[in-house]
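Going by the order they are written in, the chains are A, B, C, D, E, F, G and H; count residues from 1 in each one.
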Amino acid sequence: MKLLTFILTLALWFVFAGRVNIEVFLLGTIICSIISLMLADNGPKSVQMRSATKDFLLKTYYLFLVTSAFINDVFLSAVRVSRHAFEMKPSFSPQIVKLKTSLERKSSTEILANFITLPQGTLGMDIDISNKKYHIHWLDVYSEDQAEVKKAQIRKHEKLIAKLFD
Amino acid sequence: MVYFILAIVLFAILTFYRVMKGPSVPDRVAAMNAIGVMFLLVLVLLSLYFDRKVFLDVALVYGVFLFVNVLIMAKYFTKPEKGEVGD
Amino acid sequence: MINILVQLFVYVFLLTGLYFLLSTAVGMIRFPDLYTRLHAGSKCLMAGGISVLMGCIVMEGIGFVSLKIIVIIILLLITNPVAIHVIARLAENYHFVPKKIAKNELDK
Amino acid sequence: MSRMNAMFKKLYKLVLVVSLAIFLFIVFDEIHNLDNNSKRYLSEHYISEGVQETGAINIVTSVLYDYRAFDTLGEATVLLTAAAILSFLVPLGKDKMLGTTFTMIVSQTTKFFIPFLAVLGAYLILFGHLAPGGGFVGGVVMAVIPILLTITYRVEFSEYKFKPAKKKLAEDIGAIGFILLGLVGVVTGSNFLANGQANFGPGNTGELISAGLIPFLNLMIGIKVGAGLAIIFNSLIKEK
Amino acid sequence: MEAAVWLIILPLLTAFFIGISKLYFKKILAPLVTGSAIIYLYLLILVINHSYPPKVYNVGAWGLMGINLMVDPFSAMFLLMIAILFLPVIIFSVKYIKSHKHKYFIFTYLMTAGIAGMVLTADLFNLYVFLEVSSLSSCALVALKNTNKGIEGTFKYLIMSTLGSFFILLATILTYSLTGTLNMAEISLEFKDIPFQIKSTLMSFFVFGYVIKIGLIPLHAWIPDTYEDSPIPYNVLSSGLVMKSAVYALIKVLYIIFGIDFLDQSGMLHIGVFWGVITFIVAHLLAYQQSNLSRLLAYSSVAQIAYITIGLFVGTEGGLIAGNFHILNHAIMKGTLFLVTAIFYYSLSAVKIEDIKGLGYKFPILSFIFVVASLAIVGLPPFNGFISKWLIVEAAIESGFVYAGFFILVGTFLSLTYYLKVIVTLYTKTEKELLIVKPTLSLRLPTIFLGSLCILFGIVPSIPLSLINKIPKFLLDNGEYIRILLGG
Amino acid sequence: MITPGFLYITGAILLLLPVNDRIKYIISFLITAGALIVTFYLIPGYSFQLDFLKFTLVPVKVDNASKLTGLIFAVGGLAAVIYSIKLCSRFILSLIFVFIGSALTVVFSGDLFTLYVFWELMTISSSFIIIMASDVTKKTGYYYCLMQVAGGLSVLWGTFLQYSATGNLSLNAIEAGIPFFMLAVAIKLAFVGFHTWLPLAYSKAPFYVTVVLSIYTTKVGVYIMSILLSGINILAYAGLISALFGMVMALRQNHALKLLSYSIIIQVGYMIIGISIGTEKGIAGAIFHLVNHILYKTVLFMAVGVVIYTTGKDTLENLGIMGRKIPVTSIATLVAFLGIAGVPFFNGYMSKSLIKEAVQEPLLTWGLNLMSFGTSLIFLKFIYYAFFKNSNVNLTKKPAISMQLGLGFLTVLMLLIGIHPYLLENLMNTDLGIHYFDKKHMLSGIQPFLWSIPVFLLLKKYVVKNYVRLLYFDMYRKMAKILVTTGYQLSNYHDGKLHKYLLWATSTLIILLVLLMF
Amino acid sequence: MELAYVVVIILLSLGMYTIITKKNLIKIVMGFTILESSLILLLILVSYKPGGAAPILDKPYEIVVDPIPQALALTAIVIGASVTAVMLAVVIKIYKRYGTLNVDELRKLRG
Amino acid sequence: MMDIIFNMLMIFLVITAFFMVFTKDISTAVIALPIYGAILVVIFVILQAPGPAIAEAVIAAGLTTVFFVITINKTEY
């Protein structure tokens, strides 16, 4: 993962530098190696080296899927929330729902939490780490059936993430 | 382009109402976060408006510090507000 | 031709962004309690921000500026949920009670 | 009676402030009426010749680190003083602070965040002569790393990761390095903090490695500021 | 003129090296500090020797583009003051300071660097920066003992001095926006066309900002607070150098930038003299009320600085010479008094005036020096304070401020009342057994050195006056200064 | 150039060195005797110039009057040092040397700067002698020092006025700032109204200190007055009033030292009258009276000192030990008494008759007669206690030989002058053309003394009485109280509130802006 | 941009008002922050020229704003931040020792 | 057009400053502080001063707030 950090930081460095030439590359190499050596054990352990090399294309595909789903959901839920905002009388009925997840890795649970927070009118309030349980504040849940439906949506995301990171 | 900036600034001023009114500290922090993001957008738009790419750095750094601000406020505002001393 | 198309895209993106940002502001003002406000502050804000930045990307075309804006988008995507989450944690610390609490389903 | 007195006092203060404002207004108005834009020959010189003379595109940086580098030395000294003050106000025992306990979401994000923050800081420091920013801002961004560690974990972890002694050493080395780089000018037969005038700069203007000593001065200030602000922050956190 | 810039760099380097040495080799402190101070003394003497004719040093070799340092007789006089005070205080502090020793020396050196920078620089903004360096490190030294009173005094000092700094900065910015340059000589050339009203407002900001740091009444209130519970060797430097450096900056700004003609026109001279008179009368009356020795000396400092102000604001050649001589003398006399007080504190932690009862018989030589210094500060012959006060009064009468001269004598009488009170207490025998830590030679030697200077400069005032006599030419006619700075 | 004043100051520095008693004696004797010899051989008209700052100073300038004054000061110094050498510590002895030296320098000074410097040096050294002498004199020393410094500062202010008016510092003619010089001299001379320090200091201080102080302090004032302020006729009446006041006060004292102190005021009154007449005779009379007064008053103080030394107290009752038990002292006292009373063939007579000769106005003549009469009356009281009243006080220790030596030396001089009054005229190189042992003079001189004896016998009940209530009113203490109260109020305003300070600061800013802009 | 100067004046006066009236120590420090920022704003306003470009000359510009006040502003910002940090540390110290944030209760030093 | 934005921002700045000063609660005032800083940053960018803008973003909108928050945490309770 040090390598991964190195690659990512170097990419970021080039983006920042806004130019590609040998000086920038050399300096970037030095700096990024220092940074990754010093700080990488705090860095992301999300992707294992082996899996990164093995099915790289597949992973990229999943990543694209996840990202698109994510942005899609963001926009959808934003539309919903904004509709609520412009209603004459706001008609939502917020509730707190608890959800158990089957993800194992810490980083994937975290990504899922991000997923929960942004799309779908939900808001991750708390995570119970030992039980892998999310406390979710849900914007518009009118009945329990709806809650189940929405949970199923989250499960879908969960599966995607599991494929990608677990 | 300028109109967009103007609009975003207006929205920021609107959101500032929540900072002034907000009954509790988390409300205010949330509104602060929203205003911060809006200003970040304003910064990006301004850098495009002036056609100076170096201004983007300002936005980037500001984004980082907005995050830090929210984190530290959330971490260390731990009690409901008390009245000001004296005055 | 393609210029006009790009302009159109830009305006669409930016106007969408403005719409979301406006809804953020209005939602921030109108919504009754903290958590609902946080909904406005997270989703609408993110959507608005992303669409505005996308508009910028489209406007700039491909180049280092766009890459930088993408970096900003990623930054927002990473930090903003965390920020909202953290504010929610803070609210919990203040012992806020959401307006309506559903029955706890998993405890059945 | 005492309320009347207090009222009067408040009114008096208000009158004072308002009269100060009126005076300032008069002065600003008069200054505005003067046509004094023609007098900026110094800045015109900087703008027209600065890039050739110093090799830095960012004229602010070239002013800050070349023409008026002595000011920067003083500024760095002020910061060092502040850091030193805060570090001696710290008692030996540690203070307990109330605070929200964060979930691991935050810590994961922070972990993910930190290397990129470091890159950002390095970029700001090293591209100080080409882009806005420079040593000071870059240093602060660097200093955010221990701050984030302190927030998400604890002071102890942050201090385990970045030892206070190391930070102090870095701060002093940054300050000494600034002076030593300044003395390079003296060694080569020019004056203290001479750079552009002494023609140090390798590389072409606008490239990364250019502008002579300015990037190195930036680096020193960056190290110093980063370490100093980290010291200040941790001291404030620990302070009893 | 390489030495001029070394005057600023050396203390900075020393301070940073002390910071490093604290981490790795702790025992090196005393030799490091003393050695650096000795080298510094050598450099100071070098610079003072070559101070006439004045010289300009370009930092960064930018000429008028960048920052210039200038050694003129006025700054040479201040360097002389640093040379006299610095080494004794450092030697004294090596033994005296017990807690936070490293920090103490770091801050002392930083403060010295700031003062040297203020004294040498010819750039308005650089002046502000170094002012900030010196005042912030001086705040730190106030807080060093970490007691309740010390912290409170630090806070008051910080607030007041920051307020002053803000107004100085404001005036600097406005000056820049008016003239487009920060070089003092060029500013003073440009200022000839600026309307009167703007100039007078700018001047009042400058005056306000610096006077807060000087501490004339009613802006003095923080001074005794900072003196009360701070390490006493710092008080020596504070009353000797920090307050004086603000005086220096004020005088330099007023006389060089605005010029004596404008000062006369706008009535600043009259205001200054009147302000000084009010200040020392009130300060003397207040000083009589104090029971804390440091506080008493602090109020006395306020009063003495008022004398200096009168001398410098009289606006004639004699006045400038007198004021400058009194600056030097006050540094020496107050330094002696504070050092003796410090030894009393060191030996038996005497803070109040009653605590030093009977010490006149236990420490005969030190008490004798205390008496000499306090008589000198009162202004009685044949000590140095008398000569400078004589010169001040003479200058004041010569230029028509007869009331100022008269009140200076009244002030002398008032100051005698409280100093004599202390002296009488010093020589009152007591029955109670005193716990005494014998002061070592390194504590006594600097004190005796400064005390003997009191007598020496009183009997042979021509030694410093030969340096000081060159000052008025530069201040009264700013054309000279401008010529040297622009031409050199 | 060796002048006596600098010789003394050198001696003071030498005495500060760690030496043992023997060397101390030797140094003291050498210095004092040397100073006397040097003074004796000073040539009138000699002056010495020195460049200091931008002035040309004249630290030494000898003329007839100053030579005579200096001579008697040197004599007094010799006697006093011999008298007190056994008693005082080395540090105080050194201070005494500084004091005597500066007094001598003042006498020989040729410009106002030197005059002021050594005037203040006298003040400082004498104050410190008083402060350090014993435990009970701290407050007295404080008071004394403040009064004297006030006087010194008015000299300084007068000097400044004079300098700014004339442009030089020469000592001869005062044109500007006369009131301030008057104030200074008045304080030094203990004029009525300014006299409060004198009895206080002289009675509280140890007797050997009082001896030294009484020789110089007021006399220097007289000398300076004779140079600077001669010929102001109106002052004569002031002197008269002062003397009469001193007389009344002296009659009401129970303590010998206080009695002597008040009698100084009377004697100074003579000198003031002499000086303010301004004629050659008047001034010469004043100077001669100064000489004589130093002689007999010192002897009297020394005698009282011996009494104090031997018995431990200075009430008048204790004087009863005179007569048989301390013969040398008794004889000296008698001689001094006769001198002070103005009896012919004793020294006081000559100067008194000289002054009387110079006075033209009848009122002043009568005043002078009254003063002589009062003096006699007072000292009759003294003598009565010393010789006629039976007392049963015993000696606790024997008087030291050095004390008696000093006493005897002065007594001899006194007798010499009394018998041969032209000695002083010769020393001063003047011929006033007066036959002292004329019948007329002798008659007018002895009359007050003779009158005083029956009056004393008649009013013995009132004169010899133990006064309990003393007339004592000090307006300076009241003034000081006002100052201290003001300071206290000011100090109360500084109550530590930061806001108050900030408010002051802001107000100052606005005031400054207003002042400078309009 | 005349409004900007008025804003500077308003902010400066507001800062002064805060410092001299507010009793809370933190408010006072905040007043200093406002005061300082007003000065920095003034500096930037001084540097501005209508139609000018930022002083980063990656390609030639016709009008460039004045770089010196910007450099001064940077220095001033840093100094202000350091002073603010020190002030806050002292405020904490005072609170720990005096148990109050009210300025009027800091009255151990008087006379 | 830019002038209008600029003036609006100025007014916003003044409003924020007044709010900071006159609000009773300190934590509210501290929350307003980064907004104040952000407005300043935008103003600086409009005034073509990216260097001070970035420094202001770092200091006023960043570290100063952090310091204030810590101070409040340490003092209010």
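The definition used in the following text is that a residue touches a chain if its C-beta (ideal position, glycine included) is under 8 Å from a C-beta of that chain, and two chains touch if they have at least 3 such contacts.
Heads up on the chains, UniProt names are A = Multicomponent Na+:H+ antiporter subunit E; B = Multicomponent Na+:H+ antiporter subunit F; C = Multicomponent Na+:H+ antiporter subunit G; D, H = Multicomponent Na+:H+ antiporter subunit B; E = Proton-translocating NADH-quinone oxidoreductase chain N; F = Multicomponent Na+:H+ antiporter subunit D; G = Multicomponent Na+:H+ antiporter subunit C.
Quick caveat, the model's predicted, so the values are computed rather than measured.
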Taking contact as defined at the start, I'd like the list of chains shared as neighbours by chain C and chain G.
B, D
Intersection of contact sets, chain C vs chain D, gives A, B
What is the identifier of the chain with the smallest separation between its Cα mean and the overall Cα mean?
E
Centre to centre, using CA atoms, which chain is the farthest one from chain H?
F
Pair exhibiting more inter-chain C-beta contacts, D-G or E-G:
D-G
How many angstrom between the C-alpha centroids of chain H and chain E?
38
Just curious, how far off is chain E from chain A if you go by their C-alpha centres, in Å?
63
For chain F versus chain G, what separation do you get between their C-alpha means, in angstrom?
67
If you average the CA atoms of chain B and of chain G, how far apart do the two points sit, in angstrom?
19
Overlap residues in chain E, where contacts from two or more other chains coincide
125, 129, 132, 136, 139-140, 143, 155-156, 159, 163, 177, 197, 201, 225, 286, 289-290
Multi-chain contacts only, two chains or more: what residues does chain F have there?
491, 494, 496, 498, 502-503, 506-507, 509, 513, 517
Could you pull out the residues of chain D that touch at least 2 other chains?
13, 16-17, 20, 23, 26, 40, 42-43, 46, 58, 60, 68, 71, 74-75, 78, 81-82, 85, 89, 97-100, 102-103, 105-106, 109, 112, 120, 124, 130-134, 136-137, 141, 144, 147, 232, 236, 239
If you look only at chain E, which of its residues touch chain G in the complex?
125, 129, 132, 136, 139-140, 143, 148-149, 151-156, 158-159, 162-163, 165-166, 169-170, 173, 176-177, 182, 224-225, 228, 286, 289-290, 295
Enumerate the contact residues on chain G facing chain F in the complex.
16, 19-21, 23, 103-104, 106-111
Note which residues of chain G are touching chain D in the complex, please.
2, 5-6, 8-10, 12-13, 16-17, 20-21, 49, 54-58, 64, 66-68, 70-72, 74-75, 78-79, 82-83, 85-86, 88-90, 92-93, 96
Quick check on the complex: what are the chain E residues that touch chain F?
155-156, 159-160, 163, 167, 197, 200-201, 203-204, 207-208, 211-212, 218-219, 221-222, 225, 266-268, 271, 282, 285-286, 288-290, 364, 371, 375, 380-382, 386-387, 390-391, 393-394, 397-398, 405-406, 409-410, 412-414, 416-417, 420-421, 423-424, 427-429, 461-462, 465
Per the touch rule above, chain F residues touching chain D in the complex are 503, 506-507, 509-510, 513, 517
